[in-house]
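Look for chain A in each of the two complexes below; its partner is chain B in the first and chain C in the second.
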Partner chain A sequence: MKLIKYAMLFITLTTSSTSFAEEAEDKGLKIAQETKAIDLGWKDSSAVLEMILKNKHGETSTRNMRMKSIEQKGDGDKSLNIFDSPRDVKGTAFLSFSHPVANDEQWLYLPALKRVKRISSRNKSGSFMGSEFSFEDLTSFEVDKYTYKYLRDELVNGENCWVVIQYPIDKYSGYKKRIVWIDQSEHRIRKTDFYDRKDSLLKTLTMSDFHHINKAFWRPQILSMVNHQSGKSTVLNFSHYVLSTGLDEKDFNQNALKRAR
Partner chain B sequence: MTKKTQHPTMFCLLAGHFFISLFWLSTVQANELEVRGNFEIQGRFFYEDALTKSQHDQQLSVAAAPEFFWSWNNDNDSLEFVPSARADQYDSERTHFDIREFSWVHVGHDWETRIGIRREFWGVTEFQHLVDIINQSDSVEDVDNEDKLGQPMLNLSLVKVWGIIDIYLLPYFRERTFAGNEGRPGIPFVNTNNVLYESKDKEKHLDLALRWSHTINDLDFALSWFEGTSRDPNLIPSFTNQGLFQLNPYYAQIKQLGIELQASLESSLLKLEVIHNENSQQDYWALQGGFEFSQYGILESNADLGWLVEFAWDERGKDSRSNFQNDLFFGNRLALNDIQSTEVLFGLSYDLDFSSTSVLLEASRRFGDNIKVSLDARFFESKEIQDPLYFFRRDDHIQLTAQYYY
Partner chain C sequence: MDNYSNFILKNKWLVLLASLLLVAIAGMGAENLKFSSEYKTFFKEDNIQLKNYLGLQDIYSKSENVAFIIAPKSGNVFDQETLKATWELTNEAWFITYSSRVDSITNFQYSYADGDELIIEDLLLEADMLDQEKISQIKSVSLAEPLLRKKLIAEGGEATIVNVTITTPGIDKTLETPEVATSARKIRDQFKEKYPNIDFMLTGIVMMNNSFPESAKADAFILIPIMLGVVIFAVGILLRTFVGTFSTLIVILLSVIGTMGVWGWFGGYLTGPSSSSPTIILTLAVADCVHILSTFYLNMRNGMEKSLAIKDSIRVNLQPIFLTSLTTAVGFLTMMFSDSPPFGHLGIMVAIGVSFAFIFSVSVFPALLSIFPVRVKQRNNSKKDSMDKLANFVIGNRKWLLPVSTLIILGLASFVTNNELNDDFVKYFDKRVPFRQSTDYMQEHLSGMTMIELSIDSKKESGVNDPKFLKFVADMSDWLRAQPETDHVNTITDTLKRLNKNMHADDPAWYKLPQEQELAAQYLLLYELSLPQGLDVNNQLNVRKSSTRVVATFRSLKSSETIDMESRINDYFNQHNTQYELILASPSLMFSHIGQNNIISMLMGSSLALILISILLGIALRSVKLGLISLLPNLMPAAVGFGLWGLFVGEVGLGLSVVMGVTLGIVVDDTVHFMSKYVRARREKNLSSEDAIRYSFASVGKALWITTIVLVAGFGVMATSTFKVNADMGLLTAATILIALIIDFFFLPPLLMLLKNDKNNK
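Now for the complex of A and B:
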């Protein structure tokens, strides 16, 4: 009898902890869905940005580029990045079609050779142009790319945030998990901790200087990524960030990639 | 500048007039004018005795390629002008001038016209570009034939849901450049002053090209058709009036079907290029295929390492003029992804018919914001006279290039 009692107790305990976990997962998913839903309808974006690379000795190097994106209904966004400096890579352009579940499609245009090169879809963990951002850090956020677990509420710079773990579904992601801090007032991602495949803290991304563009969408103008393991960091400074400017599909195909300047 | 590389006067005049009108239009409405480009100084160092006495063990050259770019009409119209020139210490053929680009591009909603002198690359493989046919190789720049001469063209590009269709009219043919008597590496017997054509229209033959390219998820593919003057000359042996041995480039009329396939499969890209060439001598199939496997973030760093393996085959076998009729290729590409964009490329080709080998090493790095330095080394090993590589057997060299970008 005693044994049965213990068994009963064990079952009750496990089911209650399962439902607690389910609750945390549901809440995490719900926050992700809301974050995505609030950010729908920006149509297209274009911005100028400066990328400052800093090595562990504090030496810096600056790269300039332009970034254009177009929203896709029911699919990941399309984006085109064009490099303006350093001068020897000027005109190099990167076209990416991101997808929630299927592999992202990516091409690089090399102006010296007039050549469009396909980038293997597994490069998502690779460094984006020598920076601490990997390709996957720069693709659009899609709900289906992760499973979720809500952790806790936490105050960050006076803003009440939800802290949620995101587990990438793609086995080729460079991360075991990401922990994100999302503010409760506007669903803005304030901070992300990236954990490598061995589950140790790899990088921290901090977003700041949020602008309310077209009085509808919040966009951070400063993205700062610090790599805790290598001591290197990268800062992205956005300027001229505009939304809904009327870009269309023709600005995001291989012909557009070839004429990118 | 040699006579060979000049554009015909009429075309230049017409194109010039056309672009001057465009330029006036652009000055009225221009919203962007951009100038950039690079200067370079290059040294080649050979450490084996040359094949002929006329060739040298060291060779210096300087080159410049400015780029002018205008755009107007909300970037839907643009004009690009890229002249390129090199002055070589010894080789009068390598001292040359070319217009790489001089074209007007107009972008419509789902179409684009590109008119003028341009370069257009087709293909997916790394060690040989079989399908690529629009432009002639500027072989005096480098023996790898990666440098191309500007090609006059009218190109209409249509963007459809089922892919991109390109139609080209190519009204003027560019002869391949070859190193001169004193040039190295080179075939010192090629006489480009006596060029032979199959077509009676010679270089004025109107060539046509068509290409359909498309992407479906992880697969890129293209089908192309070319009808006109072969870019790849047959070198016909003869003797000069003085009784000296020479090779005269002969440009045949061909029809060529091209197939390109590329599949992105996890960490690998599978690549295949196939051509079928129809000509008056011997029709043939040829292919180049293989894979590129990439490792990202090796040794817990930002560095990426690529592994390349390819195979080349030509139906004509040993009789083929091609360097790559039955060859294996192996290569590594290392990108450190550091601030200086340090890159190293290693490549080896082995000819299964002639047991000859060629090795290539290319390393480059940026210094500061504007200077790029490249160190290239090439080694050739060939023992059989029928092997096209045989001409280069004494041309092992190291090449150091410093480029200033502005």
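Now for the complex of A and C:
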């Protein structure tokens, strides 16, 4: 009798722990889907971006650019960056068609050569302009990029957040996993911890100064990335951030790239 | 004096227990002791070369590395199996603890033009892409690419390197470095098993850092017990007393444990050099005990009652032992003048140990002798006769002994200048150490371990893009490559030339630097945007793009050659420009300079010690003249020792620069004992000079002889260390101590007898 009791207890516990695990994965996925769904329909965006890089020695350097993006259904966004400073790269323009799992398609216009060059490289994990942001950090959030696992609820800066692990599916991603804190009031990502392939904490990204653009979409204006292993950091300051201004596909092709000023 | 001896003997148990308690408390501090894991401990914090080097690591990125050498037994890297192994190891290496970057021929970011497309990708992206065509491509590209040839691939294609850059948090180096080494070794072992036709070896700065504490531990845990055994054995055999040997062992243990404990309480750590301190303390403790034992046994054989024999021995030996301990401590304390902290630590630890040894040999030691029953064997007087015979020989032949020995001494000492200063930190580890073997292989087949980093500063933000600056850097790199000693130069200008060619449909005529500032900047931007994680240009360019780091690798250079290269580089730089700034840094530079600086500071320290010790002797012997005479037998052994070294070896490194300080203290002991007996005989007993010499030989001759054997044996064991710094120190010290005895037996007595005419009987 006792044996059967213990056996039943054992079975219940193991199934409930596996079902709890499944629950965690489902919940994580659900949160991701909600986060994406809330952010659909912004159509296009434009902003001015200031990027400040700092190394362990305290040296800083600033890069300025203008960014435009256009939403894609069921795929990563297209974006066009026009660099305004440093002076030597003024006028250089960068076009990117991002994809959740496959390689991004990228082109660079070099004013000094007056030519567009397509870049083929597995650089998704690589650093953007020498900063602590990699390409995969800057491209849009797509549900298909990751698998998920919900961890817990946590309070961050007075906001109740879900803490979810995201495991990149693309094998050329630079990360083993990311842990994100998503606030429960507006599904905004507040903080992200990035873990390298060794599963050691590599970077932490903090988002702040959220603007409610067009009273519909939340966008952080300040993104601050710290690399714990190298001691370097990058701060992104957005300004003049607007959405749905009526940009279309022909603003995001190679001709647009050449015309970009 | 009598009161003291009485006190000790009456309270022998109390003395014993108190000492044991004291040492037990001190010994608890030893728990805090840790072995330091890095070469940086050899330098003071304000050392210029160290500061420059650390500065560059902060501005650019770390350059400390673990390098896997992949050497297929077939001798050809460019086959399916080896390239696959290289690809696998490149991927696996990202999992090494604290790795921040992996570079190999397979993940080299190869750029080429394809129509209007610029393709930048790993030379071997996936292992299943390996077919004959791919293999040929990898071979031709890697052997032609200046960034790879001789650095990551041998010119003859017989070996390749996977280089892992390590960035440790720096919170506790003593834990972090071994962690990296362990995880690297695990991977090496996995691959060795998987690919039995390929040799996998480990080298790199981090592996070197790890070899320091490993060598130190080997010395501590293997050599020291051996030495203890040798010394105890020698004492037992030579003096033929079990009680005496056992009591000596107790004194040794108390002195060593006490010292290590006190050092631990001070928060000290152990390094290669300072881990030889137990060895040195041990031998000095034995010397003290041997003197007391000799007199004690002599007394007992002459029929004295035991406690009287002990008291007399203390009375006769206390001052000399105090004096020798003091002079030894002074000699070792001068090592604090060294520019290299581990040697200062060694000096302090030995000074503490010598003090403990003195205290215990005149307290615990007699107490133990008193407690234990002592049997005196009827010994024939043969030993005494042999010292007598020696005395008579020296006295009889003093007419030619003095000039001949002087000539020999001067002759050998003249070779001192044959010695060249050289610190090759790779050779600090002898060939038994795996790190040495791997590094020797790398130096033979790929490139040396002597590196110099050149940080060239344009002084302007984005100044790196200036075509004038780029041309300067490229020209300087070419000049470096033209130097006969250079194996490899890593410079961003090579990358820019290649990109220029790629952007012009791979036309080789375009393999040159861009001529416009904006073009250079945009090429760099293009390149930067194309690199995967960890392979960015931060190791070559700083954040403000105002300066670039060029890394030059040379075949193994001696310290003097490294310093010469440094000044040649500075000369070239100053002759060819006035607006840019140059900082040179590397571990090679650090070690090359410290050897030189250290010699100067050690010579100063030793001179000071010599003066102090001579003054002390003059005071103790109550004669200025004798104090001055003592300078000769104190100084000569080191001169002859270094002279012999100059004759047979010719190279002096960091370790040997301290030998003079070390041996001075020990060598003085012989002089002190011999001369104090001589003086006592002349003054107290009013003996003639010749009889005083006989008295000296008779009373301390044997003890000197025994302590010399013990010390030579002890330091001889140290000479077998895998850590060259310690091994050389052990060998030269052993030789010098032996020479000191010879000088004290054959040169000093004739000298004393010669000079006696100038001095009245006091």
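By definition in this document, the second predicted complex is superposed on the first by the 243 of 261 C-alpha atoms of A that agree within 3 Å, B and C clash if a C-alpha of one lies under 4 Å from a C-alpha of the other, contacts with A are read in each partner's own complex, and residues count from 1 in each chain.
Note that a contact is a pair of C-beta atoms (placed from the backbone, for glycine too) under 8 Å apart; a residue touches a chain by one contact, two chains touch by 3 or more.
Here the structure is a predicted model, which means the values were calculated and not measured.
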Overlay done on chain A, so just call it for chain B and chain C: clash or fit.
clash
Touch check for A:198: first (chain B), second (chain C), both, or neither?
second
Could you tell me if A:120 is touching chain B, chain C, both of them or neither one (first, second, both, neither)?
both
Between chain B (first) and chain C (second), which does A:57 come into contact with in this model arrangement: first, second, both, or neither?
second
Is A:108 touching anything from chain B or chain C once the two structures are fitted on A? First, second, both or neither.
second
Quick check on the superposed pair: does A:245 touch chain B, chain C, both, or neither? Answer first, second, both or neither.
neither
Now for A:160: first (chain B), second (chain C), both, or neither, which partner does it touch?
neither
Which of the two partners, first being chain B and second being chain C, lies in contact with A:172: first, second, both, or neither?
both
Look at A:33 in the shared chain and tell me whether it touches chain B only, chain C only, both, or neither; answer first, second, both or neither.
neither
Partner touching more residues of chain A, chain B vs chain C, is chain C
Tell me which partner A:87 touches in the superposition: chain B (first), chain C (second), both or neither.
both
Stretch of chain C penetrating chain B in the combined three-chain arrangement, among 421-429, 493-501 or 583-591
493-501
State which residues of chain A lie in both footprints, the one left by chain B and the one left by chain C.
53, 55, 59, 61, 86-90, 113, 115-116, 118-123, 125-127, 129-130, 172, 174, 229-230
Would you pull the chain A residues touching chain C in the complex into a rising list?
53-57, 59-61, 83, 86-90, 92, 94, 106, 108, 110-113, 115-130, 134, 172, 174, 196-198, 200, 229-232
Give every residue of chain C touching chain A within the complex, in rising order.
55, 58-59, 61, 94-100, 109, 114, 116-122, 125, 167, 169, 461-462, 465, 503, 514, 516-523, 525-526, 528-538, 541-545
In the complex with chain A, residue positions of chain B that touch it:
34, 36, 38, 69, 71, 78, 105, 107, 109-110, 112, 119-121, 124, 146, 148, 157, 159, 164, 213, 215, 217-218, 220, 262, 264-269, 292, 294, 296-297, 300-302, 304, 337-339, 341, 366, 369-370, 372, 403, 405-406
Partner chain B, residues of chain A touching it in the complex:
53, 55, 59, 61, 85-90, 102-103, 105, 113-116, 118-123, 125-127, 129-130, 132, 172, 174, 229-230, 250, 253-255, 259, 261
